[in-house]
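Order of writing sets the labels: A, B, C and D. Residues in every chain begin at 1.
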Amino acid sequence: MLTNTQGVYIVTQTPFQADGGLDLPSIDTLVDFYARHGADGFTVLGVAGEAAKLTPDEAMAVARRFIGRANGKPVIVGVSNPSVAQLGELTARVMDAGASGVMIAPPSGLKTEEELFSYFAGVFARIGNVPTVLQDFPFSTGVWMSVASIARLVQEFPQIQVLKEEDLPSITKVTRLREALPRRIAILTGNNAMFLPLEMGRGIDGPMAGFSHPEMLSQVYRLHREGKVEEAHAVFDTYLPLLSYENQSQWGVAVRKEVLRRRSAIACAAMRQPGPRLTATDLSEVDLLLLQLQRRLHG
Amino acid sequence: MLTNTQGVYIVTQTPFQADGGLDLPSIDTLVDFYARHGADGFTVLGVAGEAAKLTPDEAMAVARRFIGRANGKPVIVGVSNPSVAQLGELTARVMDAGASGVMIAPPSGLKTEEELFSYFAGVFARIGNVPTVLQDFPFSTGVWMSVASIARLVQEFPQIQVLKEEDLPSITKVTRLREALPRRIAILTGNNAMFLPLEMGRGIDGPMAGFSHPEMLSQVYRLHREGKVEEAHAVFDTYLPLLSYENQSQWGVAVRKEVLRRRSAIACAAMRQPGPRLTATDLSEVDLLLLQLQRRLHG
Amino acid sequence: MLTNTQGVYIVTQTPFQADGGLDLPSIDTLVDFYARHGADGFTVLGVAGEAAKLTPDEAMAVARRFIGRANGKPVIVGVSNPSVAQLGELTARVMDAGASGVMIAPPSGLKTEEELFSYFAGVFARIGNVPTVLQDFPFSTGVWMSVASIARLVQEFPQIQVLKEEDLPSITKVTRLREALPRRIAILTGNNAMFLPLEMGRGIDGPMAGFSHPEMLSQVYRLHREGKVEEAHAVFDTYLPLLSYENQSQWGVAVRKEVLRRRSAIACAAMRQPGPRLTATDLSEVDLLLLQLQRRLHG
Amino acid sequence: MLTNTQGVYIVTQTPFQADGGLDLPSIDTLVDFYARHGADGFTVLGVAGEAAKLTPDEAMAVARRFIGRANGKPVIVGVSNPSVAQLGELTARVMDAGASGVMIAPPSGLKTEEELFSYFAGVFARIGNVPTVLQDFPFSTGVWMSVASIARLVQEFPQIQVLKEEDLPSITKVTRLREALPRRIAILTGNNAMFLPLEMGRGIDGPMAGFSHPEMLSQVYRLHREGKVEEAHAVFDTYLPLLSYENQSQWGVAVRKEVLRRRSAIACAAMRQPGPRLTATDLSEVDLLLLQLQRRLHG
C-alpha cells in the first residue's frame, strides 16, 4: 500500500557506458549515493531515466538492479506505454520482481475526459490490484487533467494511491486537489522540484524528483516537516541556480549525469543516443555553477 | 429563436476578385443561386468562407451583403475568434445588422472541460442573450468535446439553440447526443455533408454544409423527410464522387469555387491569398468529375 | 528490393476471438480471401491492424502467420514505435522471419525537419540495410513532412524504397513528389483508397489500403493500368458509398471486420479492447449499404 | 533600423481597473517606473500584456500611450494575429503612431518549414519594409523553428532585424544561432529572463523580458557587459526565487502585477477576465518571497 507514502522519492537516472550499453554496476553506486543523501524511495524508468530508449528486457534488468540494491526502500517503476498490452506485461514482471508499485501517465492522444476514464478502466481491468502512482505531467503527455477529473479517477480506481503532480502552476493545483480529492492519497511533486518548499507549504507529502544534489531535496523536506520554513527556503534558494540549470528537459538530464559523474555516483555521464552531448561551452557553465554553489555553501 | 431550426443551411463561400479584393456583387448572384437550389438559410464567415483572411470591416461588409440579399431567410454569422473582445464586438455588430444568430467554436488551446465551461461562461457573459450555434469541429479547433460536455453546455447556456456537429464519426455521435441532450435543440451536420443521408436517419434537422451542387443537399433532405430513404441515398450516391473531391479542406474550397464559377454563381473562382490555386492537372480532374456526374444524372 | 513495388498491397486486419484472444487460423482464411480478390502483397501490423494492442510476442505470431500463408507474396511489417530500441528488435525479428521489408512512420513529437532527419539517421544506424516503406500519415502521427523533406529523406537514406503517401490532398502531393524525388521509388497510397483512381492518374504504383471488398482495389488498379480510366472510375464509384462508410478511423475498422466476417474471410468481427463495438443501429446501416451495393452491382 | 538593438527591453504589462476597463494613466506611471529602473526600450502588447483580450481600438490606445510616454525610447509592438489581414492593419496603425517596429510570432497551425516560409512571405508582402522582431516562442505558438529555419528566414527577409529567442534550452540555441545566422541581427531573450546571465555569456544583446524588479535585468545586463560575470550572476541569483515564482505563465503575470502595484508602478493589480485572481494563500507566498528578497538584498 502506497497511500501513506511520504518522504523523498528520487527519480533516478539510468547509467550507460560511453558506447551506449547499460552500466548496471553504476546503478549500485547510484543507489548508494541517493541513499546516503537522504532518499526514502526511488522512481525508476521515468522520462528522465531514458526509459523509452530501452528494450523490454533492458528495462527489466534496470528495474531488478535498482530493486536489488534499494535495501528494502520502496521502488516505483514507470510503466507508461502507448500499448496497454505492453504496459500490462511490464507491470506483471516488475511486481513479480519486487516493485512497490507502478507509475502510469495517460498516453498522448486521449482527447476527452470520457476517453481518459475509459483508458484507465482498461488499464486497471488488465493489471488488477497493483498500487499505482498517477502521473499528472501534461507538458510531456499532452493530456490535461483538471482537478475534477483527477478527483473522479481517484474516486473510481482504488489502485491510485499516489499522485505525482507536475502540472504548472503546481502550487495552486496542489491546494485545489487537497480540497477536492474524495479520499486521502499521497501527493508528491515533480518538475525537478522547482517549487518544492512552496509545494510543501501547500500540503504535499514530499518530492518525487531528480537532482544532482539530492541532499537539497531531503534537507528541504525535513526542515519543512519540522516547521522550519524559512530554513527550508534558504537551503532551497542556495541550490536554485543549479536546479534551474538542470531543469532544461533532456539537455538538463545530460547536465545532471555529468554532475553525478563528478560526484562519483556513476562511472560515465553518457546518455544513450538519441540524446544531447555537452560541449566545451556547456561544461564551462557547469564548472561555473558548481563553483558558485560551493561558495554559497562554504563561503 | 433558433431552437426549431430545420432545413438546408448553406455554408457560403466569400467571393473575391482575381486581385484578392472583395467581390460584393457576386454575393448577390451566389445567394440567388443557393436559394434557387433549395437553401433554407445561410451560414456565413465560416472556415470555408475564408473568414480569417478578412479585416473586421470586410467581414461586416460581407455579412451585411448576405443578410441584405437573403430575402428574410435566416443568416448565421461565424464569429469565432481567439479574442473574446473581438468576438463580442463582431457579435454586436452582426446582430445589429440583422443576423439571426452567431456560430461559435471553442478556440484552440482549451485544455480541459473545466476550461471549456469557463470559456463559454465568459463568452455569454459578454454577448448576452444572442441565439448561438455551437460548432463541434475538433479537427479544426483541436478542442474535443465529449457528448457529456456538450450536454452540460446545453444545460447551462440557454443561448445554445443549435449544434453544428462535425466530429467523426458524426453518425454515432448524433445518436448519442439525441439520447443525452437535456433539452431539444436543433442538430445540423457539417463535414461537407459527407454522411448526410445516414445522419438524417440518425435524427438530425438538416445539413449545414457547403457544396457546389446545393440541389443535392436539398433533395436528400426533402426525400428523407418524406420517408423516401432509398431515393435519398440514390441522389446522394450520384453526387458522392464530386462531394468527396470537394471534401479536401482548403484545396477542396478552391475546387468548389471553380465549379460555382462554371455554374455562374460567382464571377471569379479566386481564393484570397494565402490559398491554393488550381493547376491544369487539377482542372482536368474537375472536368472529368463533372462529366461523369452529368452522365450519371442524364444517362 | 522494394524499389519496383507495384500492384495492390492490402493493409490487413488482425483477427481476434470474441474474448480478445488472437485468432491465428482466421489469418489463413483472410490471406486466402485477399489473394482470391487480387492482392499482390500485404502490409501487416498497421494502425488498422490494431498493432498497438499486441504484445511483442503476439505481434511476431501475427507476422509469422501472415508470412507463412502469403505463398511468396511480399509481406511488409509495420514496426513504428516511439522506442527505437523496440523498433530495432521487431525489425530484426520480422526480417529473420521472412518479411520483405518494414514500414516506419516518424513518431509523434518530432518538432522540426532537423529532428526528423536525426530520427531516421538513428533508426537506419540501428536497423541497417533493411528495405523500408516510409509512411507519410500526418493525421495519425502529427508529423508533417513537406515534399522537400521527403525528397531529402529519400536522398540520404537508400533504405527508403517505397513511400506510403496518405497526407491530404494526396493527389496534389503525389504530383509534386513525382517531380521532386531525387530517385525512382515506389509510391503507394493509403487513406483507405478514398482517392484511388485519381491517384492512379497522378502516377502512383498502386494502393496500400484496406477495404472489405479488395476486388474493387484490384479492379480499379488493373483497369487504370490498362488505360481504361473511365471504367476504373465507374467501378470505384460503385463501391464509394461503402468505402466512405469504412473510412471512419477505428469505428470504420469495426465495420470492415463485420463485413469481412459476413464474407467468411474471418470467423469473428470483434476488435480487441479498447475498441468500438457496433450497435443494432450501426448494423442496420451496414445492411442497408451492402444491399445498395448489391443492387448497383447486379441491377 | 533595429539591427543594432541592444540593452534592456521590458515586456510590459497592460494595466486595468478592477472592473476590467483599461487604466491608461497607469501606463504613464509604469513607463516611468521601468525607465527609472534601467529600461532601454519597451515591447508592448505581448502575451504577458494580455493583448488577446483587447479590441483593436483598445490595442491602439495602449500602444499610443506607451509610445507617447516612452520619451523617445524605442517601442516594439506585438502584432501577431492568426489573420494576416488584421496583422497588416495593426502594423500600419502602430507604425503611423510612432512604433519602432513590430514583433511577430508565427501562428499556431503552421505544419512544415515550407508553410513557415510561405507565411512570412505573405506577411512581408503585406506589411512591406517594417523593422521586425521575429519571436521564437514555440511553447506558446506550437511552431518549432530549427536554427536552420531561422537562418533561412533571416537570409530571405531583410525586415527581420531582431530575434526574440525563447525556445528552451535557450542557451545552446543562442550559441548555434550565432554560428549559423547569415548576417548580424540582434538577439534578445525572453522566457522571463530565467537564464539571463548565461545567455549573456552566450552572446545575446540583452533581455526582452518582464519582471516586477526590472533593476535586476538592467544590473545583470550592465555588469555582464562590463565583464563582471560573477557579479552579474550574484545579482541574478539574489532575485531568482522571485523570478522563478513569476515564471508561471498567466498566473505568474497576476503575481507580477500584484508586486508592481505594491511598488506603486500601477494602480490596480487586476487582470482582465478571463484571467487568474490571487487567493489569500497566494498572497501570503508573495509576502514571504518579498520578505526573503529584502533580507538577501539588505541583510
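The working rule: contacts are C-beta pairs under 8 Å (C-beta built on N, C-alpha and C of every residue); 3 or more make two chains touch, one makes a residue touch a chain.
Worth saying up front: this structure is predicted, and the values here are computed from it rather than measured.
**Q** Counting C-beta pairs in contact, does B-C beat C-D or the other way around?
**A** Between C-D and B-C, contacts are more numerous in B-C.
**Q** Using C-alpha centroids, which chain lies at the maximum separation from chain A?
**A** Relative to chain A, the chain with the farthest C-alpha centre is B.
**Q** Among the listed pairs C-D, B-D or A-C, choose the one whose interface is a repeat of A-B, with over half of the contact pairs the same by residue number.
**A** Copy of the A-B interface among the listed pairs: C-D.
**Q** How many angstrom lie between the centres of chain B and chain D, each centre taken as the mean Cα position?
**A** 39
**Q** Between chain B and chain C, what is the gap in Å from one C-alpha centre to the other?
**A** Those two chain centres are 32 Å apart.
**Q** Once you find the CA centre of chain C and the CA centre of chain D, what distance in Å lies between them?
**A** Distance between chain centres: 48 Å.
**Q** Quick check on the complex: what are the chain C residues that touch chain D?
**A** 111-115, 138, 144-149
**Q** Please output the residues of chain B touching chain D within their complex, sorted ascending.
**A** Interface residues on the chain B side: 52-56, 58, 82-86, 89, 108-109, 118-119, 122, 273-274.
**Q** What part of chain C is in contact with chain B in the complex they form?
**A** It is residues 168-169, 171-172, 175, 194-195, 198, 201-202, 230, 233, 236-237, 240-241, 244-245, 248-249, 251-252, 279, 281-282, 285, 288, 292, 296 of chain C that touch chain B.
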